[in-house]
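Alright, structures below, take your time with them.
Look at the two complexes coming up: chain A is in both, with chain B in one and chain C in the other.
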Partner chain A sequence: MNASSSDILTQGLTVKLEADLDKNFGETIAREAHGEKLFGCIQCGNCSAACPLSVWMDYTPRKVIAMVRAGFKQEVLSNRTVWLCASCYQCTVECPKGIKITDVMYALKREAIENKVYPKNFPVPILARTFFNEVKRTGRINEIFLLTIYYLRYNIFKMLGYASLGMKLFMKRRLSLFEKGMSDKKEFKAMLNQ
Partner chain B sequence: MKYLYYPGCSLKSSGKLYEISLLAVLKRLGVEVEELENWNCCGATNYMSINESYAIEITARNLAIAERMVGIEMIVPCAACFMGFLKTQKYMESDPVTREKVNDLLNKAGLSYTGKVKIRHPLDVLVNHLGTDALAKTAEMPLKGIKVASYYGCQLIRPYATFDDQWNPHTMDDIARAMGATPVDWPLKSRCCSGSMTSTMTGIGLRMNYVILKEAKSRGADVIITACPLCQFNLECFQGKISRKLKEDVRIPVMYFTQLMGLAMGIPAKQLGLKQMLSPSLVLT
Partner chain C sequence: MPINDEARVGFYICHCGHNIANMVDVTSVAEYAAKLPNVVLSRDYKYMCSDPGQEMILKDAEVFKLNRIVVASCSPLLHENTFRNATAKAGINQFYFQMVNIRENASWVHEDKELATVKAKDLVRAAISRVVFHKALEKKKVPVNPDVLIVGGGISGISAALNIANAGKKVYLVEKDPTIGGYMAKFDKTFPTLDCAACILTPKMSAVLKHPGITLMSYSEVAAVEGYVGNYQVKVTRKPRYIIEEKCVGCFACIDACIFKEAKFSDEFNEGLSKRKPVYIPFPQATPQVVLIDDKTCIHFKTGKCPQSCAKACDRNAFDFDQKPVTQELEVGTILLCTGFQPFDAARAPYYGYGRYPNVYTSLEVERLVNASGPTGGNVVLRDKTRPKSIGIIHCVGSRDEKTNKWCSRVCCMYSLKLAHLLKEHTDAEIYNFYIDMRTPGKGYEEFYDKLLNEGVHFIRGRVAEVSDWAINEHEKGKLVIRAEDTLIGMVRRIPVDMVVLAVGIEPGKDAQDIRRVFNISCSNEGFFLERHPKLAPVETFTDGIFIAGACQGPKDIPDSVAQAGAAAAQALALIDSGFVELEPNTAFINEELCCGCQVCINLCPYHAITFDETKSVSHINEAICKGCGTCVAACGSGAITQNLFEDQQILSEIYGLLVE
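For the complex of A and B:
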């Protein structure tokens, strides 16, 4: 057998020993996503066809489901794919088996954060985290603060690309630095800190 | 009938033209609204990605306040807030463990929620409560000959909303028709605008908005109307950048449906925020 045919045999294949898979991963995610019937997935691919973002994903939604239940925990959680889900719920309403795929994606995002294996310096989880902290801190989102903190944490130079748009909106009085916050944050904060 | 009103964060900042035009239109129609006291952010998609319990709890807090204010029906204009409320209600209704845990937290904060509040989107109130006949009567300056592409986006109709058809939504088209305009039939009315991806995965976000703008234009639309602050912001504020980058003119007026209604009702442009738009103005013939 020459070299090129062995390339064909291995190219694009994820070779993993069964012993290295996380056998409980599928059940963990199904539970996290409110008992979603992942194991009832028939791999029809309607979700991937419906998803407006699947063309940019490393693994399409159909493949994600297959990998989750087979136990490819590390591969799924450390990949950017789940973070490309914009939660538009198109897959959820298209699934013939009634699997709430968007909620599965949410469960995977939370699991990746919990296990600290989400892709580092990838903008989507940084924005999510910044948003989360801002609401915890103030109860409401001020979009200017939110985006400034986000870009400081992600990449300040990227913010320059939005400078002219920001300026135009500011001139049109579409942005405000000071918005009315919550009149009383005590009880809100107490609730989150329990 | 008087409604409670939950604006959410966007309607107080980047989506403030939605708020002013909505309130102007409701006032003209005699619908009274009162803003929810001391409300907090709904958590949007980000809370669901980080901590689902928190997402449910903070939204339940808003519901509990609504119940305390004896608000039976609450208007929620932002699609993300709207979906968040419906999701929280669904989880609390169907899962006793969640319900008990959330109510426990609420009780400690001196609040409680028994499930009485009905969440309604303005489109639902206008079309299903007031009715298009009543709306048509308010159109002092019917938008004759104006072709409208209604853009519903995602979370407004999916996956929980029942006020409109998830597969082929029509409430915004009904309103456009009542205002004398002509709705355009197009296939992307509920395709995702990429949400906050215009700030994170910029290339992808711009591409997704390009597809929507181009489709609306090629179907002959004079204006795109939306009912979500994020959809409106993406389609309006990035169309210049998209046109420059792709060397193709996809600029088109992108308005909130309430701004279009206000125009037909003869509400002055200034009160609808039409002078503050970045996209081209809608030319009335």
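For the complex of A and C:
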């Protein structure tokens, strides 16, 4: 990021220099997530304890909030936490300071996509993008198309593992080979572009 | 076993619920006691301290014609008075009562019921063989002088003085500095309400000065204290101001006329951030409004060759260069110590660079910097007159540290938040707070922290390891770099700032030990004055009639100090209004016929209760001062000293009872 990062004294060390931080990052995220209360976080850790997925996260939600506030943009955007968030809103419900943590996670996802710094080869952002593109293209989701494109982008071999499940779903007419578009795509696109 | 035929002992053993009965076989102790000589009656009961328990003693005393009472139960500290009163109610002298502690000394400390019971029996036997030799004694009543001495004119002393004087009592307020007001007078705003400190303090200061019931003795120190509760004689030394206090009206014409055209001596009130002249007043609202001369810097005192332009400028002839320290004697009944604290010396934490880097400040210095009446008129600038763009506030400097002071100073988190707010307001700088734990326990305190979080102040949880000027990139050049682990993020951070503020802690005043000796009270391990009980007697000391309030007892903020001052004032007033004090009769007395006049006892007495009667050539013990420690009794080579309740016969028969079944 900054020239100072390559300083021989700090390279590869966990020392964080102020020059490497994005001082406005916290405010950007707070604005995007309607999260003025973000700065009122008292770091109690209730969100991390309430989160059903925090055990698989590299940074717990508590730490993500602390890093956002302090301007650790690089670390926050390139970590898996925001992509693992299942949007269950348990953290937001339990937060004693009323911080909309799930909204913060959404804001971070958007920020990561815009900055193209989300973790490479991590399925969640790939699925998110594919899903969005499909909706944009046809107005609806066709599971077979969605999954095929997703696995082509992510890892085609993983798709084979789901072949028998796919067959069963197909036999029960849960998967369709035909795309069902929507009637007024023009209006829909206009809506998306708003 | 020694026997006194006249003694008729009533013995009671208490179950104390399960406290005693679970580990001591109380019925067997009661049966055993019944067979001991002189014992007329022996009972066990669930709660002796309850009303029915006491009633039982009353009834039994009448029916069985008892004249001695022994109760085996808890600690005398807890219930000796209860049972003494019951004994007195039963028409028996209260000193014919003896208490046996079989709870703390037997049931609570043992695990073998059989052995605990044997021990309880031994203790009971000792008490019964002692009580038969007790003598009837009376408590002495001594009148209480209604005047009060208050030492220390900070916010605690001021509040206590006004409380007591408003109750119509005479108060002497002794302050060692030239003005009252203490540390609070230096503060800009107070947390969490951000009231202006001067606006709420100075009316109280002038109320003290104007109050007809308060005699203010500024620039004075207590040199010696003699006497006892209700009747203290105090010697106060008044330091020379070289100004006649009554004549000075505070026009400051002398300060303008001083031979030093420029002020050039460090101003203590502004923490050395500005200069003053040798003739000065600490601050404009100083109370009393009387100037003083610093004889260490005044040319007249250093060389004697000053034209004394200050004295010539005074149209009231208030100058007196020949003033000497004067000792004044006061008679008071109670004493309140409100002697306060001292801030931790930041130079003792060298890793933060105080004294080495000019832009490292203590919190008190910053209090002056943000103060509108401070050295820069409230304009926050560094020593090179530039405005800081980033400021780091380091918490816990000299607190929570084995190498300096172990305790939490209680006020630093809150005042650091306050300073963060004020600095943000004054400079709009980036502010970083480095804290170990954020401690905001008080009314409105957590809300204040919340407010600061949302004001955009940065909070980094981690103790700062060092402050240095060693830059490793362009960004850090010319700045002070703070190195700390951000423990909540899990990374070590280097943060370059323009200004570092050290939130120094509270520690006992440097003269606390001297004060302790003068007033004969104790200090706790840290050096703060020791209260009689940490929960139930927080403003009393082990010396009757001497009370403590404010930060001299331990770190405290303003509301707590004021509350404690009120509590201490109430305790003093209660003592005064009761009119007299009752003294325990366990004092020592001297048989003048046996006393050889060697005076060994005089030097040993820790309470200065013994004086030497030159005419009779014998020592004399002042009963009112004697605390009954027994030191003199043991030391007397002639066996001339006897102590009530601890006479030889009583002690020997107690030991006999303990050892011989």
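Heads up, the rule we're going with is that the second predicted complex is superposed on the first by the 171 of 194 C-alpha atoms of A that agree within 3 Å, B and C clash if a C-alpha of one lies under 4 Å from a C-alpha of the other, contacts with A are read in each partner's own complex, and residues count from 1 in each chain.
Throughout what follows, contacts are C-beta pairs under 8 Å (C-beta built on N, C-alpha and C of every residue); 3 or more make two chains touch, one makes a residue touch a chain.
Please read these numbers as outputs of a predicted model, since none were measured by experiment.
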Contacts of A:K180 with chain B and chain C, given as first, second, both or neither: first
Partner chain(s) touched by A:F72 [first = chain B, second = chain C, both, neither]: second
Touching partner for A:M191 - first (chain B), second (chain C), both, neither: first
Partner chain in contact with A:R31 - chain B first, chain C second, else both or neither: neither
Chain A residues touched - chain C or chain B, whichever exceeds: B
Partner chain in contact with A:R137 - chain B first, chain C second, else both or neither: neither
First (chain B), second (chain C), both or neither touched by A:E18: second
Where chain A meets both chain C and chain B, residue numbers: none
Interface residues, chain A side, partner chain C - complex: 3-4, 7, 9-10, 14-19, 23, 36-37, 39-43, 62-63, 66-67, 69-70, 72, 97
Residues of chain A that touch chain B when the two form their complex: 34, 52-53, 56, 84, 86-90, 92-93, 100, 102, 106, 109-110, 113, 123-129, 131-132, 135, 139-144, 147, 150, 158, 161-162, 165, 168-169, 172-176, 179-180, 182-184, 187-188, 190-192, 194
Interface residues, chain C side, partner chain A - complex: 430, 438, 449-450, 453-454, 456, 458, 460-461, 472-476, 486, 488-496
Residues of chain B that touch chain A when the two form their complex: 9-10, 12-14, 16-17, 37-41, 43-52, 54, 57-58, 61, 91, 95, 105-106, 108-111, 154-155, 158-159, 166-167, 191-192, 194-197, 199-202, 204, 208, 237-238, 241, 276-278
